[in-house]
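Consider the two complexes below, in which chain A is the common component and chain B and chain C are the respective partners.
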Partner chain A sequence: MQKKLNRKYFLFIVPAIFMVVAFKFFPIGNAFRLCLYDWDGFSPEMKFTGFENFKVLVKDQYFWKALKATLCYAFGITIVKNIVGLALGLFVNKEFKGRGAVRAIVYLPIMISGFIMGQIMYYFYQYDGGIFNELLGKLGIEPIYFMQTGNRTILVVILTTSILHIGSTMLTYLAGLQRIPNELKESCRLDGANKWNEFIHITLPLLQPSIISSVILNLIASFKIYDIIGAMGAGGPDGASSSLTQLISKYYFSQFRAGYGATIAFVFFFIIVVIAWPINKYLNSKKVEF
Partner chain B sequence: MRKKKGFRVWILLVAVFVCFVAMWPLYELLNLSVRDISDYSSRLAFPEVIKLSNFKDAFMNKQVWIGFKNSFIYASLTILLEVVIGSMAGYGLSRGSKRTTKSIKSVQMLIMMVPGVVTLVGTYALMTKLGLTNSLFALALLTAAGGIPSCSFIYMNFINSIPVALDEAARIDGANVTNTFFRIILPQLTPITITRSIMIAIGAWNNYLMPLYLINNANKQPIILVIRSAFAMVGGDRNLAMACATCTIGILPVIVVYCILQKRIIASQIGSSIKG
Partner chain C sequence: MKKVFVCLLSLLLVFSLVGCSGDDGKSNNNKKPNQEIKDNPDANTLAGVNLEIAVNFTGDAQTAFASVCSAFENRYGATITIDWYGSDHATLMTTRMAANNMPDIYVTAGWSIKKYKNYSLDLRDEPYCKDYTDSALGVIQDKDGSIYVCMISEGINGVVYNVNVCEAAGVDYLSIHTWDDLWEACEKIKAYGITPLASRPNAGLTSNAVGTWLTYDGEIANVADKLIDGTWNWEEYRYVIQAYGKAIDNGYFFVDARSMNEMDTLERLAAGRAGIIIGDNTASVQTMYEMNNKGNFAIGPFPASTEEGVEAITVGEGDAFAISKNSKNIEAAKIFLRYLSEEEVTKKIISATGRKACQQPVLENDDTDGTKAFLRLEEEYKDHNMVYKNIFDREYLPSGMFGVLGNVAGKIFADHSKKGEDEIISYLQTEFKRLYK
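On to the complex of A and B.
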């Protein structure tokens, strides 16, 4: 009876499985197939070249630059977001009037497309007449090139993205903080611990589930960074601050090197799995119970 | 007593600073959108002459309305696909064999690691071949597929809290599994369905990467692409104000929905991260 029922219940999952197979697994398989071809993306002829694309990839300086930038983005954003997000989570967990409004306002920029936020930030970082350079000018400092400068641009993008998208991380930590039983804090205080000790020995260990999910989700999301970068005008010089997603779409859609673009896409997915999967496993193995 | 007061001032200062940082970009967007073309004054202060006619001009632009219509269709289709398929899967995962659920859950993380660009690159050729480019339905399919895994698990967590006894009672009354789900369980899911729908709609409204490459017919463009072309026409800052006004109008629905439902959205975000 239960077995028969289980089969019926499984039928409910089938459409979802179909969607995932059709639009997640199939594309990966197809990207891998395209890796083996020299193809422009639209013509009916595809030239089979074996692993030639991978050989090109190893020697492609743009791939290595984009990989470096993407790794910087992914880890940089994850680190900044988790530190600032935790601080903000602690802050909005305090009891004060209007904290609901503060939460809502900090979360607001996430509701707006990354492309639009990036486009607005572009006018902050413009060299000529940009808002930040105007401010610097008022302080008597020479204008700075923020964009198209490689490492500085990477730093600017990390900070901007982290701060604009801090709301979700803040809420993740807030959720974790609200789950910590008050008795634990009270007994800690009765034992004579100060605020700092309480934070290190009670709050932080009990926040572990939030830290795990926040780190891993932010890491995966930051690898995929795309719209905000392009709109902000980052990418240069000569590809030094462009992300892998940007590079893939450039090769596939603008330069009509679909086979090669697919090669990078496939390698990109592989890199995410190789980096994020062990981190996920490691973090989950340390889970605490309370 | 005095110390307590100082403490409060500290909180107020941080709160104001944090809100300022979050709102600054939007303030600048508004600031730039009410300027005259020839207004090159400081961008920090609000312009002296406020030109509201920019908004009127943006509203008169037919393309903006086409964009609204397409974004609305795109968002609705995505909601329909994701909520129906996701809630069904959530029910199956919650009530079905635990072994199946566990094995599906273990690949969920892997699915989440697939970047949108891989989905796009891997399906683009097929989409072109099947004539599915410039189709809002195809766009919705791709978007929904990205959201279905997490959507299913959110529903699963919610359905787990509904007693199985309810299903059993329905079965004794002669309802089959399908009827039980659609008649008994689904109505109970209304609160979560509403918040999910809002989040999906906002996600679709904001999606940029997929429409950018899948839609090139001007009549099928969602609003984000209309905003994009408005900014692309700015060129040497010639009519920045117009582009900013278009952009403001384009994000207005999102902001209005957010202002009305922010309590619910925030609560659902907190709730989903507890269970996740």
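On to the complex of A and C.
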């Protein structure tokens, strides 16, 4: 009887299993197959080269530059968004006039496409005639070439992306803050705790579920950053601010090296797993039940 | 109040969704046959046919192409679904090629032979093929005589000048014969107080412009044979790196050249904030006239590298359309391409894309800006030792090298010291060897 019941339940998860296999495992398997070929992405002929693409990848300076930039984007954006997002969440959790408007304004940029936002911000950061440099000029300050080096460009992209997506992080924290029972805060205050102690000992530990989801989701999304970089200088100078997703697209579609592009994608997938998994484990171990 | 606001917002959303779903690329599905269709002998072939066409047009070119497609529908009674792929055209077409799911007709965007020929129908017997100019045939005719596209315009690449700036700085751009003359002109423009070059690091500098250093008789080097047989070691490319390196050190480029985009380049030349762009085309000339209709812009050839060398204009595919070999509507697609090559239709499209006509009858009667820029070039440079050549990478390099040379431009701007130069040569050797295989 129990076996029959289990079989019936199993039928319910068949569609989900099918979806996971068709849309996750199959593409990953196919990407690995492509890694073993020298293929231009469109010809019927594919030349089997074994692990040659992996050997090329180790020596590819653009891969290492893009990996460095991608790690900077992933951790930089995650840190900025979570710190500022939490601060904004705490701010809009307070009762004040115009709170709804503030929430809407902070959330608004998320509705603009990353590419458009990148284009807009490009005209802010531009060295020659950019809005920031125009303002600096009015103050008698020499113009700054914000995108002169790879590191500066990375910083500019981190700030721009963080501003664009801060709204979603703010909402995640706001939802978490509103779940914290008031009684706990009140009893803390009755015990003589000040605002800071209340935040450190009550708010922060109880926000752990929000922190976990926000950190992991932001980290993975930031690893995959693509459109803003394209709009703000296409990964220059000399690939120093290019992300791995951009590099994959460039090799796969512009340089007709689909096999090699797939190799980077495959390696990139494992990099994300290797980084995101332990962080997720660690944050889960800090979870507090209430 | 809140409820009213929510209702209004919902209505706005619904209407915007309806608006979005309205344009699926099909422009004329349920029209009743009009007199023009009834009178047209080809209308039977096209009755009930829906042609799918993938194009990369945006802006004015998109509007012009939509309009000619709509006129085609009215004339023949067929329907057309247009895939507006824009800047993603190459990417999406690559995906469709890999899936063997090609549209009936597609823009080949410069790659009719190297990339698309296995998928495209040979059109050499079509009537418009006899009208191609020699320069057009040089670009689209395969070694066995096959022609895979109906091309209505060519891309003409060279050096673009803001004539007003040049004159004000005391530069006669027509007297520029060698690269040294060009650098001298840059020095004069700089002395006049204007940044000489509006170029940015891209393959226009390091691929399109390098033929006169490396591949023609009388130039500082001629490695054409070695390039074609894959034995070149790229040592002579140092001339290119050193020339641009010196130009960078001399302050001929904008300080922010490394992060400029294409529009910055054109805007600065159009506004008279620079004098020259190396490696641009007639379409850019047209765009600059749109930005500044009081300007005076001309295109000239890439300079020679020695006094005895030749100046070169490079010619590439312009607006070119191929038919998929596997299309179920081959006859209808052929009729569409014949329609595109009609003089009025061609002129309508190229007046929007700014490219130069490439079919003799159209060329003779064309007054679009792209063609005008080309005719001005022909007239002004008739006494120069000038040749028309295929675009450098399409003639001499394996697929993928154009991107590599784009990277090289970035590298030159980042580091053109002796060490940087050696690294670039080594990078070029490795990539050329790999891609040549």
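Going forward, the second predicted complex is superposed on the first by the 268 of 290 C-alpha atoms of A that agree within 3 Å, B and C clash if a C-alpha of one lies under 4 Å from a C-alpha of the other, contacts with A are read in each partner's own complex, and residues count from 1 in each chain.
Assume a contact is a pair of C-beta atoms (placed from the backbone, for glycine too) under 8 Å apart; a residue touches a chain by one contact, two chains touch by 3 or more.
In this text the structure is predicted, and so the values were computed from the model without any measurement.
Chemist: Clash or fit: chain B against chain C, after overlaying the two structures on chain A?
Modeler: Aligned through their shared chain, the two binders clash on chain A.
Chemist: Touching A:Ile200, do we find chain B (first), chain C (second), both, or neither?
Modeler: In the superposed model, A:Ile200 contacts neither chain B nor chain C.
Chemist: Decide which partner touches more residues of chain A, taking chain B and chain C as the two options.
Modeler: Of the two chains, more chain A residues are contacted by B.
Chemist: Classify the contacts of A:Tyr62 with the two partner chains as first (chain B alone), second (chain C alone), both, or neither.
Modeler: In the superposed model, A:Tyr62 contacts chain C only, not chain B.
Chemist: For A:Asp40 in the superposed arrangement: first (chain B), second (chain C), both or neither?
Modeler: second
Chemist: A:Pro237 contacts which: chain B (first), chain C (second), both, neither?
Modeler: Only chain C is touched by A:Pro237; chain B is not.
Chemist: One more residue to check, A:Thr153. First (chain B), second (chain C), both or neither?
Modeler: second
Chemist: After superposition on the shared chain, which partner residues are touched by A:Ile83: those of chain B (first), chain C (second), both, or neither?
Modeler: A:Ile83: touches no partner chain.
Chemist: After the superposition on A, what does A:Ile141 contact: first (chain B), second (chain C), both or neither?
Modeler: In the superposed model, A:Ile141 contacts neither chain B nor chain C.
Chemist: By the touch definition at the top of the document, which applies to A:Phe253: first (chain B), second (chain C), both, or neither?
Modeler: both
Chemist: After lining up the shared chain so the two structures overlap, which partner does A:Met111 touch, if you call chain B first and chain C second: first, second, both or neither?
Modeler: first
Chemist: Just one of 1-9, 37-45 or 127-135 in chain B runs into chain C once the structures are overlaid; which is it?
Modeler: 127-135
Chemist: Across the two complexes, find the residues of chain A that touch chain B and also touch chain C.
Modeler: The answer is residues 41-42, 249, 252-253, 258 of chain A.
Chemist: Show which residues of chain B lie in contact with chain A when the two form their complex.
Modeler: Chain B residues touching chain A: 8, 11-12, 14-15, 18-19, 21-23, 25-26, 28-29, 32, 40, 42-44, 81, 85-86, 88-89, 91-93, 95-97, 100, 104, 109-126, 128, 141-142, 144-146, 148-149, 152, 177, 181, 202, 205-209, 213, 224, 227-228, 231, 237, 240, 247, 250-251, 254-255, 258, 262-263, 265-266, 269-271, 273-274, 276.
Chemist: Which residues of chain C touch chain A once you look at their complex with the stated criterion?
Modeler: 90-91, 94, 97-98, 115, 118, 201, 254-256, 258-259, 261, 264, 268, 399-400, 403-404, 407, 410-411, 413-414, 434
Chemist: Show which residues of chain A lie in contact with chain B when the two form their complex.
Modeler: Of all residues in chain A, those touching chain B are 5-6, 8-13, 15-17, 19-20, 22-24, 26-31, 34, 41-42, 88, 91, 94, 96, 98-109, 111-117, 119-121, 123-124, 129, 131, 134-135, 163-164, 167-168, 171-172, 174-176, 178-179, 210, 213-214, 216, 220, 223-224, 226-227, 245, 248-249, 252-253, 258, 261-262, 265-266, 268-269, 272-273, 276-277, 280.
Chemist: Quick check: in the complex, which residue numbers of chain A touch chain C?
Modeler: 40-44, 56, 62, 122, 126-128, 145, 147-148, 153, 233-234, 236-240, 249-250, 252-258
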